[in-house]
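Okay, got some structures for you below.
Here subunit A shows up in two complexes: once beside subunit B, once beside subunit C.
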Partner chain A sequence: MSGVEAVPRLEAPAAGRERRIAALRGLGRSLAIAVISLGLFIALSAVVGEYRDLQLADGAYYFAAVLGLTLVVGYGGKISLGHGALMAVGAYAVALLVADEHWPLAGAIAAAAVVAAFVGLVLGAAASRLHGPYLAGATLTFAVALPQLGNRFPETLGGENGLTINPPAPPGFLGAGFPPERWYAWVAGLGAAAVLFFVLNFKRSVYGLRLRACRDDEVAASLCGIWVSRTQTLSFTLSAACAGVAGGLLTVVLQLAQPGAFPLELSLSLFAVAVIGGLGSIWGAVWGAALLVLLPNWTHDIANSLSLSGNVAYNMPLMIYGVLLVAAMLLWPSGIQGALRRLFLYGRGKLSGRRVRNQPLTEQGSAS
Partner chain B sequence: MHKRWVWLLAAAAGGLIAAGCGSSSTGSTVGITPTSITFGTHQPLTGPAAPGYSEIAPASEAYFKWVNAHGGVYGRKINLIVKNDEYNPTDTVNVVHQLVLQEHVFGIYEGLGTPTHTKVVGFLNSEKVPDLFVASGCPCWENGVEHPYTFGWEPNYTIEGKILGQYIDQHFPGKKVGVLYQDDDFGKGGLAGIKEEVPASQIVSAEPYVPGTTTLAPQITAIKSAGAEVLVDFTVPIYTAIGQLTAFTLGYHPQLMVSSVGIDPHTVAGLLQTISKGKASGTGLIEGAIAIDYLPSATETSNPWIKLFMKIHNEYEPGTPFDGNTVYGMATAYTLVQALKAAGKDLTREKLVKVVEEQGASWRGPGLVPFAYSKTDHAGYIGGELGKIEGGKLVLTGPPLVTQPTAGTPITPYTTPQEPPPPDGIPTN
Partner chain C sequence: MTQFLNLTLNGISNGAIYGAVALALVLIWRATRIVNFAQGAMLMLTTYLSSAMISGGSPYWVAVIGAVGCGLVIGALVELVLIRRVENAPPLNAVIVTLGLLVFIEALAGMIWSSTPRSYPAAFSIQGYKVGSTRILFSPNDTFIVGMVAVVALALALLFTRTNLGLRLRAAAFAPEVARLLGVRVGRMFSIGWALAAGVGALAGVLVAPSTFLGPHTFDPILIFAFAAAVLGGLDSPLGAIVGGLLVGLVLSYVSGYEGEALAPLAALGVLIITLMARPTGLFSAARERRV
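Presenting the complex of A and B:
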């Protein structure tokens, strides 16, 4: 009949068995991506020197933290300026379990994820009721206050000195001359790959879909039957688990959990690079983590060559994050990954001849 | 799916291209060439410990420039790479990784800070990097068996505490004592020394503070309420100043005693002025304080070592203040040059470490007391001399006293007089 809009038919839901196969296929795909990324990471760590290995290790745990943050900010549409504190929770958990209770590393990092998730649950319950600047303020307070707990309980948490763990030794079968820095990179890479696998699955799952629906329009989502506050609390909880793993990996790499490792600058920088890298995108988290690792070194070199004063030099990274964040919001809201993607599409000649995806379904052309 | 593979492969290719081959940082002769030798140090150039301490590395650099201008050591010029860690232990870990693994320095020299350096001692010893003359009096650096590559230089804080404690026993018997100490190995070590000499019943209050705090009002109030007539400060200069200002506003005027770490009068006067926004000027608030030092006072212009250091300072860093920190930096640099000279022309990391252990105890220099260096004991100066702030200057009243940090060891006077410096200011050993 004419005059009626062509509405795409939703396919009838697949039968139970087909759905399970599709789910397993998605799981397999996520696993393949995580494993291949880890393999490339390990290959890279094997050809570079020990200092670069440490930088790779840093990049790995930053990647895990930024992934967690992009889950809540990119897919969930909420602000969190408190992820540095969640990393601190994970870091101290690993330090206490490994140093005092002699847990194995894997168990300690898993426990760190659980503890941080619990903290995230509490934070998320509050966050789901707050919006915009109020949420930013609440998470900011959290970021400032939580690491100071170390000073409040100096006997158990080590005060300003913090907690140290013995450097994790590479396992014997790798040989006696295996550089410990490479081992830290491998452990951090494994942890980051686990977080990547988890976030990839979450993204494709119904929970990820619900979260994005809440982000795009809370009212419409709740009209569809989605429990908005519960979904957002869940996203905070899972995001906190990722940050907890990141913090635990930080303790492994630095062998140190100390309030000075989680200053306010960390939470702000994590947020800034999550946006600059590209919100809601895995590759955005990669660029963000790379920026976190490399920018301090670059600014240090720049400051040295310009002979800037110590105070300016020390604060340059944060200043640059601020400038980039504002620039990204104004000029490239999709961040580095969005810009790269546009370049890629442009290069393939698609930008001129074809609509970009996410256009309304009434348009011609299929969604890519 | 196709796009994803392309991205992954592109990233891998990019990563491998961006990587270089790493060069080795291990080995005995890293950081040394026939014409140069490079050391690295981590210093608080900014942050809560920067006032005063940020002058130490430039002073060492000035002394090295003096030595380089006179031909260096066996033809090698000494380079010092200074990295800022803001007194933040996490940053210390990062910059020391950079110095050892990226800049490939021969050794770490004068790493400053107790909470900071304790985080890198394990790394430096496992990488077999000489870690010389740590700028901290923590007993952490003294165990030559546990940390064979690390050497202290300053007197152990427990030794300082003991000597200050003995003074309290002799001059303030029965008086109530309060202790303000930094909440880390520095402050706790000093407190332990005080407790060895002063009866526990006399110590009525011991309040810690965390570096980075902006107020000491809770601590000083608690010490005042406990009725302490003597206040012992194990504080870095900025907290000596804040403590005294707080006490003044509370109308509390105890007899002050300060560790060598926090007493440099010039530094403290400057901080008093800044913090009080000009209301307090000069050293009035620390006048009459009893202090301990192991180097000649920076204001003792008749001392030949001070004359030498002032000459070098005026030539290489004019326009900067000349105070206790300058003397500290140059005196440590003197010890390093003594070590390099003693190790000989064929220099390796192991040889440098060995020569400090075997000969270090016999080296004379600007110190008022001797070093303790041996195979098992890597402690530096083993004592100090008491003095008083008079007219804004630290006047040492002597005699120099030496002791060991272990409880029960006696405190004895050290009677060997200080030797004058060599004619051109460069050690002949």
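Presenting the complex of A and C:
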């Protein structure tokens, strides 16, 4: 059914002028969504305090990373456990360029995207030929292996202590008393909005459509003339660029890039919240990023109020990810967003109760 | 030259461990066509349990047997409670369930035993043998490790080829429908396969723990090295797992000896990618063609 739904859209853009107008309209729509999201984000940061500003900043770069991941896993149907390592690539790129080469921040983050995209290209070239558990194992190995390079080349990459950058100062026109935390949040928010704009466009574009066609049925897609491996490699490349931006923003917020910031748990957590949030939808990435930021806070508070030990507080979020990941697979593969969507559709009487167990991860063909 | 010899010996003893864990992965792959990414976490858990038994005053050998026993139980439970529900789902779902289990078990161990690694006793002396006047990097304990893995591999080979249970296990793995028609209880065979695998993993855990120490995350690298070994061996072949383990052990030992330990996981990634690109069915696989 999914392929049938997709086909009319493949043919839809008519020739010449109409097509250009449709493309421009789509571009405008993505831009509007990104700008409005950024506006809401900035308004939110004006309401909350300085401590919450840092959380907002965390949320913004996690959002960028999870969005990148959802590009590969949700739209592409390929698993990647290596996005924490791709974030590390972006983080180190920004740290090196800002600290050593004195690049401006925006240029450094753009460069981080390019460097990470290149790594993603190499990874994707291998990944497009691998399936299921093989790909999972290869990307898992990648996630463990890559951050170790920091320890191997301590002269350039700073070893265990990593690299530090000077805290980026808020520009003068914001006034002298402007809290730096809020500035970090704004920078991260701007970066995340750029990634959002990019992903929205990609999703709408013919490349996004091809990618989803490959996910739903590789054989049928290649019969339609889609070059499957090239499409999937492209998705890995772009997804890595998103992760690179996320890593670069992390360096801006923490002013630090070190191997310890990119353990295997980061890669696994990113993957977990992408699945739990709901693969293949922008909102799923929002829920995922919110979960990454808020869950550690809540468990910390709960552990404090129950006077549990620090071990429990520190490990509780991971434990919850683990439980939710298993539960989601057994009971609800489409995640939070899938649940909300069904609730919404059910409320409008468009859906009857239907068995959902053992279904694919994304609601296939629903041009979400 | 001495260094080369030492690295080779070290590679053999590490490789035996990787081979054992790879064997566990292969057993599960053969039974249910799932790569168990929680294998490292499961053997970490059983090793912690046996460490707790030792602190509680029980002798070393009892603790080792306890670890293997816990492994058997945990393996069967995981198959019964979790894996059976995703057996007919798309393969990605099963992968994600084992990843969820990995995250869960590591967090659980971190909660109970904190993330600071602790030591674990060795069965025999870890002082290297003396050859002439130089001490080589191969100890009585390493001999024990290699011997133990060889015994387990041999026992499993006998189980699979010479016993009735082994025949049923193979039948359930290769042709579940036909086996079921012939009266093999396929579900139970899958549980036994998982239990055996987790038992082998548990043994590997107590063997490797003296040299890696015991922490919630210390076995993450072992898992990926073992995965590389299993893929190198073909993921379908128990003999391939052992040989793959030894090869990966040697490669990693040379790389970390000459180029630094931080590059070992990258070398494993290299082995994995080269295998998958050049010979996706592995060195020992019987299968002619398979999508990887």
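By definition in this document, the second predicted complex is superposed on the first by the 327 of 368 C-alpha atoms of A that agree within 3 Å, B and C clash if a C-alpha of one lies under 4 Å from a C-alpha of the other, contacts with A are read in each partner's own complex, and residues count from 1 in each chain.
Convention: a contact is a pair of C-beta atoms (placed from the backbone, for glycine too) under 8 Å apart; a residue touches a chain by one contact, two chains touch by 3 or more.
Quick caveat: nothing in here was measured; it's all calculated off a predicted structure.
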Review point. For A:G49, is the partner it touches subunit B (first), subunit C (second), both, or none of the two (neither)?
Key: first
Report for A:N311: first if it touches subunit B alone, second if subunit C alone, otherwise both or neither. both
So, does A:N151 touch the first partner subunit B, the second partner subunit C, both, or neither?
both
Touch test for A:Y321: subunit B only (first), subunit C only (second), both, or neither? second
Max touched-residue count on subunit A (subunit B vs subunit C) belongs to chain C
Practice problem: Examine A:W283 and indicate which partner it touches, taking first as subunit B and second as subunit C; both and neither are also allowed. | Solution: first
Look at A:S229 in the shared chain and tell me whether it touches subunit B only, subunit C only, both, or neither; answer first, second, both or neither. neither
Subunit B and subunit C footprints on subunit A meet at residues 151, 311, 314
In the complex, the residues of subunit B that touch subunit A are 1, 4, 7-8, 11-12, 15-16, 19-25, 45-46, 50, 54, 84, 86, 88-91, 93, 97-98, 101-102, 115, 118-119, 122-123, 126, 183-185, 210-212
In their shared complex, subunit B is touched by residues of subunit A numbered 29, 33, 36-37, 40, 43-44, 47-54, 151, 154, 159-162, 164, 167, 180-181, 254-256, 258, 260-261, 283, 286, 310-311, 313-314
Note: in the complex, subunit C contacts subunit A through residues 34-35, 37, 82, 85-86, 88-97, 99-108, 110-112, 114-115, 217, 220-221, 223-224, 227-228, 231, 259-260, 262-266, 268-269, 272-273, 276-277, 291-292
Listed in rising order, the residues of subunit A that touch subunit C in the complex are 77, 79, 81, 126, 129-134, 136-138, 140-142, 144-146, 148-149, 151-152, 263-265, 268-269, 271-272, 275, 311-312, 314-319, 321-326, 328-330, 333, 357-361
